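Just dropping this structure here.
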């Protein structure tokens, strides 16, 4: 059986797969777990990241205000399901005021490496690029250099150095509603200078896997397993009425993560429920974080729904890996 | 406390703000008040205007037929909530057959000035422009010259002359689904010849108030208050799945209404409810009329929902003015 | 009273028109009759065709997989309402491997002519074109040449030869989300070579019948009546948030079917219900098949809903023909 | 023979039609008459207007600077061929600083009415609209209100009041490279307030006169003749490599100039010469002014060439009117 | 040495390759051979076809009028260089008035098969498609059915039946300035019904042969040689300033012409000369016809220049075939 | 007087400014210095870079082949005017075959730093990005990692380390004909890892300097002077017939080159000459290299003309700096 390499998390949110359900990922029965107006100023809360912290959980949340201004907020939870989100956005410290200057911030990820929590997000700097910061306590945040030139989105760190280097997936873009997008792998000795960029994977052009034919982007922090890095990502198709965002899965080589070992031609989850199909942007499921328990292989995925609310879904490493290998189209 | 300058309307539709509700505008609990097929020929009834008339209310309604042909219809109500809409569209008399020729008509407003009711609407004349007519009884309608050259939409009269001139807000456009749009102020000695055009306000380009970043347009007849003209308007953002129409508020100078005194960076209402999010055009709230009671400051807003049905919402002059001043970004 | 020319089908699915309902087509009360995941691999089942077969019914179904790959599947039913769809797509035999090569297949129609069942569908061959095949038993399918060069969609056969030739309606297109489209009539001595193409009808440019202003396409196999060929078709309008697909009706000359005798300016059905307004492509009703009973004039229409599920609706030849003649705008 | 109604101008620039030349308009043999850098700051001088003034001629010239900033400059000439253009742009006086504020100015026309010279031009005011000013001496210029809301271009006054009103042709547009455009007629009692807008003519959609299928716009001040107003205008076609601007002719009713009596299906001049085909915008001839001699019927047309230099061409009222009537497609 | 299979034509236009010239096709030294105004009504004469006829040559010419209306005209020449073009367009006889109705006609080809001359051209019939006609004498023309449904352009017949069928190349398109386009091969037993469509070749996506990356289309009637059918075609690239049309060469299998044996990655001719780079559409060379002499292998290519004038160029079968084989990228 | 900081180059190409010429940059009288077919395989040679080398000059040239494949070629010259370009493109050695894989290469720059010549160019790697290589002798070239993720163009190194880091200007783009583009400054300790990205300057939105309103990009290696880094760059405007590329000048802070000290609102050179206005892409001047003589301040600019040939132009540091300061709009 496939094994997650990492720590145990026995009390993480969990529900068993419903009887007779035949998809590899199933929804939490009380979804959405975070409503659009969970803090007074918010129009919508979605595309957000969580991580184990102390006895419970911490997170960084995308809250669009009622001005539809996009920013990221810290929050805390005892059980990973019920969240208390700060009413003010994160303030960053750092060396250079030019980098600290806020244009807009959205779609955060959180990654623990070595001794601290790193935050990456889509950061406005003459166009969207990848903001990087770290925190020890989710109260004080220290912002580093942007990782890349604009335009880029969906910067996702690996949870440990690979070949002695920090490693990040990202998805170069344009500065609008980008109708294209490949995933790349980049390396850094110091989280300041990035290079040795490698192409990982492209949208699939053609009918065989059309749900991911317009663009793809990495989702949660890759999960280390004995089969390789388990990557949950989003894929987009262009219909005559706009984009539909779905969720897919791939397995990357453990030492050379730009090499795709397996990639499922089927989506693992798609907008079926009312709260995923109706909202500010209809027909979107967008995963940004996952909790894992190495002892049981359980995975809890946090995902944005219709760009409006936040949902929770469950799977196991064994489920995802078997599904991906059986439906591999790599 | 802010005061509406005008007449009392003690029996106007009204519900108190729900307990614990923290937005400045709240919905009528029996929304939508007009269903899509309220007359036999209609596909949808929305973006419509009402006004006190005799002991009750009269209105001009946009009814798209089951051919999806757009026209405007008169209707009457005792209580402002239950409406009897004529089954045939308004017929206009007038001097010049070229002007009377109907291409299409939609998005009406109604304004009482001095001794009669003026109707303005989006009128097809080799492209959309602002049609103008008057009636004394909502039975006979007399059509004047179009106010402007094409292409223009959302022509909204002020309820009295300003500096001795009739005054109108409008939103120049293209002849498609216009991806831009500012509000302008124009003046006329006679409702025939228009000039002295002044720029009022633009969409807000940037994250600070992104809900109104694509285009804006005036909604109901401006409401005269001791703080200035209270303008409820619509603002539009472009998502990857199309436009979202929301409702905002500004306060214009009483004598020089092209000068914006306050403008809220937050929307005052947005598509949250099923009947606003799902319909022929998802995610639209579009205000076209307001009833006011000077004695209490109560305001009842009539708005189109998803380009399909008509909704009713409530606020007060005090609520809106305080909200706008506190969140001013002018 | 208008009469269908054809066979009786006394046990076909049927419900009487609801009391007080004033549209010419009414929905089945248990809609949708086929859910999105009615077979294990499916993301959605819609835009599908059925036909009487032996003691019951057979059909060809568009099932998009959970890779959102588009293919067509055979299925069977005793009552026309409850369907058993094969879990594997149709395999075609034929002469030329180049033609048999599958790129993608969607939006099938089924037509019985003389001694066998013909299938037409949108077939990928360096762009979409019209695939043609026949079967005697819905188990073995023999694929003929594509009827036309790319790009074309919605190829619909007539149920008998006309003037000694096979006859087909189609809708030339581009290879994207085609923003235009007329219906044409083409003839063939042998189903291999096609010619004598005739223009049938165009979208209606203008407000008078705006629901069909972007493009139109034929739906079910035309129904022979004593008034001419009854053609149910789809019409599309472009809103600021994408396409809306509705259903309309026309009557074509019995001997020269490229001549339109009557065409209704009103739609006969439009997306009103939740399962038609919400789904992978919101706001779509798309008819692909009809069952008819010549003895009673009853018609049962099968149609795709929001590109996600399959619905059933009822009408009669008398209803449709009277509606079309009374609202004729030809 | 057709007659110009107006003054004599015996010394106006003139060359006889070349032997064997069969088009109705012929070029000046020393074209271009104004080079791109005729003043030190200019990148290009084109789309400019001239008029008889004192013993010679005055003009208003579009000079794009070497910053490609667009402004208008006064100039003077003894013979209408050799011009001295001021090195600084026109400064306007006027009542309202908001109107006087310069965004950009281009494509001027000059028209003498009653006692003074009126200038109209494309004036930036939150988008292009029609600026209006007058001068008595081409030294002091007094700017009036903009005639219309944005977006509009090519505002061309008539040289006398019609039915007691000032009259202007214009071409509503978008604020980019407008791919559409009709000519309209508007009226004003005072040059301040405008109304009674009438549609004059549209681009010609179809092969019969494809050179004017994208957009059209009025050129010089209309020339009064015994056949009606002689209107020289530009017409545009969209090729796969952009727009081609050509010159056409129409005759408008003398009392109701929005009624087109004749309109030639053929262009009267097109980019043939190197200086018309090569330049900052290839393939443009753009007429903005005409001198006329009522005694002989001679007409001298000033036109921009490839948005870079200024050319001069000749014709007669008789030539143009006969050509237009013989090739009428109205 | 490669040999043309066909007749001798000893007096065809010819000039030897200039000393030191290293391209496979060289221009006639007196180009252009037909000026834009060679007939009184013409704006431009280009994209035209010629063929040996009696003792000299006949041709069908695209003459755009000074209304920029597109039609085709017959013409005659003793030497193939100096042409007398009729002043009126071709009139067609035929069976069906609907087919005979002229919308527009352009880009003709002429092909002798068995006993008569066939004309094909881009024919307007609710969009561009392939018109077909024949003549025995270039005076009376008999029009057959359109070969295909719209939209299609560049229909080019083969000069003899292949496998017992008439054969045609064509390039399906949209009805604008089509930014895509593959060449297809279609077959017919009778020139009335067409089928057995085969894909021949696509634009080349990528840097290796970028001049033909946007679209390609067949040019002159294919030339039969002992190596296969020699196909001269046009290829298009999209630059930031529009399309550039160049000329390329391929060799098709003699019995299965949809199989490309060789295709040169280099163009054989491109717009270098002033009359090819400057005109109504800059940067176009567009071949439509070729004369050949089987005895010497000489080939004379007639091509449109900048959509304005007609040029002549020379090569030999040996030159083209060697060039194509040596630079093959098939 | 402004001084260039660097070496003398007494024999560099030079011509004095023509008498009476009033622009800051003047053309070489024998332009173009390199014809489109200067090597047998070339369609065009332009956008190329030169540098002093041994007793003469070396260069890297963009030669588009007659397949319009884009690659870069080494070449040599004794006098900087007459060039001998290799007939085969540069071959690169390097560590990683994935990086060495050639998709396309264009628009090179050459920069000497410390002990070797660095080449940067637009390198195809799943989209355009910045390729980097070095050579000691223009015979063997060693390719390093790409500097950035796609999409990027116009990577231009500084000729020395700044603040201990290698420094590069670049212009992030999309992967088409990019209608936007700012210049950025990036730093690297080792030419492998890049970071500390800084925004330098944007297109100028507005009429004041419209020639650079669409996009801008760095040209030659910045020239060190006592006033700062002298940056010659290209600016683009969008006309209705496509882009026009012109040449501008800015002065960057010597220690913090992302700070713009001066920037001229006027262009310093624009397409005026036939070989700049007519060619594969009309209306382009595109500077890629400059030779300088510190003793005299002379500058010779090499620039591409109409994407077809290569031109040479002259100026001095004093001329450019004074012009830029006097016309500063920073």
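Just so it is clear, A, B, C, D, E and F label the chains in written order, and each chain counts residues from 1 on its own.
The rule is simple: contacts are C-beta pairs under 8 Å (C-beta built on N, C-alpha and C of every residue); 3 or more make two chains touch, one makes a residue touch a chain.
Since the model is a prediction, treat every value here as computed from it, not as a measurement.
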item	value
Touching chain A and also chain F, the following chains	none
B-D or D-F, whichever has more C-beta pairs in contact	B-D
Most remote chain, CA-based centroid, reference being chain F	C
Longest centre-to-centre distance from chain A, chain (CA-based)	D
Copies chain A and chain B touch via same or different residues, half shared test	different
Cα-centroid distance, chain B relative to chain C, in whole angstrom	42
Centre-of-Cα separation between chain D and chain C, whole angstrom	55
Chain D: positions in contact with at least two other chains	241-242, 278, 282-283
Topology of the chain contact graph, where touching chains are joined (line, ring, star, complete, other)	other
Chains that touch, pairwise	A-B, A-C, A-F, B-C, B-D, C-E, D-E, D-F, E-F
Residues of chain A defined as touching chain F within the complex	98, 125-127, 129, 145-152, 170, 172, 174-175, 180, 182, 184, 186-190, 192-199, 202
In the complex, chain A residues that touch chain C	22-23, 206-211, 237-242, 244, 246, 265-267, 270-272, 274, 277-278, 282-283, 327
Residues of chain B defined as touching chain C within the complex	36, 40, 43, 65-70, 103-104, 124, 177, 241-243, 278-283, 307
